[in-house]
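Structures incoming, each one as structure tokens.
Two complexes are shown next, each including subunit A; its partner changes from subunit B in the first to subunit C in the second.
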Partner chain A sequence: MKKIVSILLVLVTVLSMGTMAFADGTTTLTTTVPAATYTLNIPADQKVEFNTLLHTLETPTIANESGFAVGKNILVSITHTDFTCAGLSTTIPFALMTCNDGGTRLVTDEIKFEGNNEGKVGEAKREDGNGFWLTVSEMYLSFADRDWGKALGGDYTATITFTSEVVAE
Partner chain B sequence: MAIRNNMNGKHIAKSRKKKRLPVWPFIIAVLLIAALAVLLLFNSGDKGPEPPKVKEAIAPEDENPSIAIPGYEYLSLEAGTKKQSIALNNPETNTCYFLISLYLEDGTLLWQSEYLAPGEVSEAMELNQKLEPGTYNAVLHYDCFRMNPELSPLNGAETKLTLRVK
Partner chain C sequence: MKKYISALLLTVFILMLSPVAYAGDTVLTTNVPYDHTISLDISSGGSVNGLRGKTEIGVDRHSKVVFEIKPDSGYRIKSVIYNSEDVTAKVSGGKFVIESVESDGSLKVTFQSSRSPQTGDSSNLVLWSAMLFLSGAAMYLLRKKVQM
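Up next, the complex of A and B:
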């Protein structure tokens, strides 16, 4: 009797193992995508001399970045006010331009920092009008000489706002 | 006590009425004080962040020509409560004050910091409204100011991000 019971127990054990092997055919994999974080460095302000036609501005940079990948980029759009003076109606408009390594200057309102497979981003790039993104070598404020001539005397100020966003290509 | 004779010649003691002080001036005074208190209470809520007390202005030649703006892909918030555990900071490399505001995509102001000096961390966020669980598009707006008594404005920045509310 004991032998029969022990044989039965062995059979049940073997069969239940077989059942487990056949029933579970999937494996669950997990991964964690870290949140992207970064520091955007922007120029604090711009002191422009009277009658300047081109004023060089510090190009924004990215530091302390993490969680980036190829196709995960930082897009920075740039808007600005004209130079204005309290109590005066005249303003001094300007355009924000960037120059690439080839020396081509374009009016720019957007620059991109492309993610790479080291979790970081590269240098600032701007679109060249043909769908290609080229490295920015310099950033400028561009003025027209007649706008200086129209402006009444006074202390003028302007602000530039940089809006950054993590985007997927 | 005044004593007078009545018509039958009997003496009648007439007690002099004690002059009672009128109550209405006190009532008016209490109402005025209450009205003043209510006015002060409402007005104090309308003021923005208290301007910082600039102890020592930084000379322009000592200012950092760049401003470091922290950026985030998303922030996690708790649903159903205004009090949050998140705080934001002004990097210590900066030489300007930060005033940080958090807006929903529709322009609703959710939270605004006090003026933050370089290296300072804000108090834990207390939102203007509770949020339901979900994902919200939001903007962190950074206003930057010179560390001088006039708090002259500098260039600013915005970071578009997602609020993940659970």
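Up next, the complex of A and C:
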């Protein structure tokens, strides 16, 4: 019996002195990146006056945003149809344009809201054609006089579609 | 069966990983009228399509409109202004034609008397010349008398 106890004690002593290593152990790290959330406000449905050459639209804005960061932006693609009237062949085309603080007007099909360090996004910006994104000061529809002139009488409708998504630079 | 479920789950997983896009529409409406109004402003001394003074006429969109401009006896057309543009030179045979009306407009026609207009000073030139000559002569005689 003494022998067994001695062996057991020696074993315990040896084990307690030795370095324990767990070679095949794994540590799983987990984290949750909160999804970016936001509300995109787009211009309300509205009527364009006959013969208008420039019709101002409210610039889209972002509200209630969270989870953004520098390089994590909101991109809004803008597409539209021409004005059409059921039963009529004539259409009234127009261009959607934006103006920056410098007063440069450009046809625009995309605006961007850049994420910042506070988890928010900045103002709407559009690309100036040279790779620079400038703050949009005004958005409007531009019509040609001749297109109004040739349109047949009737009630016309057009749709502007704003598609937004969170993108990384 | 397991294969199908796996494929379905994989598809759902891929879809969940894809960036989510949201779309919203702004609907625009406009009305192109079927007819237009042309405001007429006709001065005294004539008529346009038998109309005088200030009045309005309604015309169909894209219709051709002929304005017959008739001065009264002793008058003639001074100017014809359509939508702020002087179109007097476009009046031919007393008619001004709009080939296609595409918007509301305004036509202002002014007539004037066809008699020769009075210009310049209307005072009697001969009388004033005679008086000038007489006063000059009187001054000359007076000066001569004083020297003597």
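Basically, the second predicted complex is superposed on the first by the 139 of 169 C-alpha atoms of A that agree within 3 Å, B and C clash if a C-alpha of one lies under 4 Å from a C-alpha of the other, contacts with A are read in each partner's own complex, and residues count from 1 in each chain.
Throughout what follows, contacts are C-beta pairs under 8 Å (C-beta built on N, C-alpha and C of every residue); 3 or more make two chains touch, one makes a residue touch a chain.
Quantities reported herein were computed from a predicted structural model and do not represent experimental measurements.
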Subunit A as common anchor, with subunit B and subunit C clashing or fitting: clash
Subunit B or subunit C, by number of subunit A residues touched: C
Which superposed partner A:Trp148 touches (first subunit B, second subunit C, both, neither): second
First, second, both or neither for A:Gly67, with subunit B first and subunit C second: first
Subunit B versus subunit C as contact partner of A:Trp133, first or second or both or neither: neither
First (subunit B), second (subunit C), both or neither touched by A:Ala44: both
Touching partner for A:Ile160 - first (subunit B), second (subunit C), both, neither: both
Shared contact residues on subunit A - subunit B and subunit C: 40, 42-46, 157, 159-166
Subunit A residues within the subunit B interface of the complex: 35-46, 58, 63, 67, 74, 157, 159-166
Subunit B residues touching subunit A - in the complex, by the definition given at the top: 63-74, 91, 95-96, 139, 144, 153-161
Touching residues on subunit A, where the partner in the complex is subunit C: 40, 42-51, 57, 83, 85, 92, 141, 148-167
Contact set on subunit C toward subunit A in their complex: 19-35, 61-62, 100, 102-103
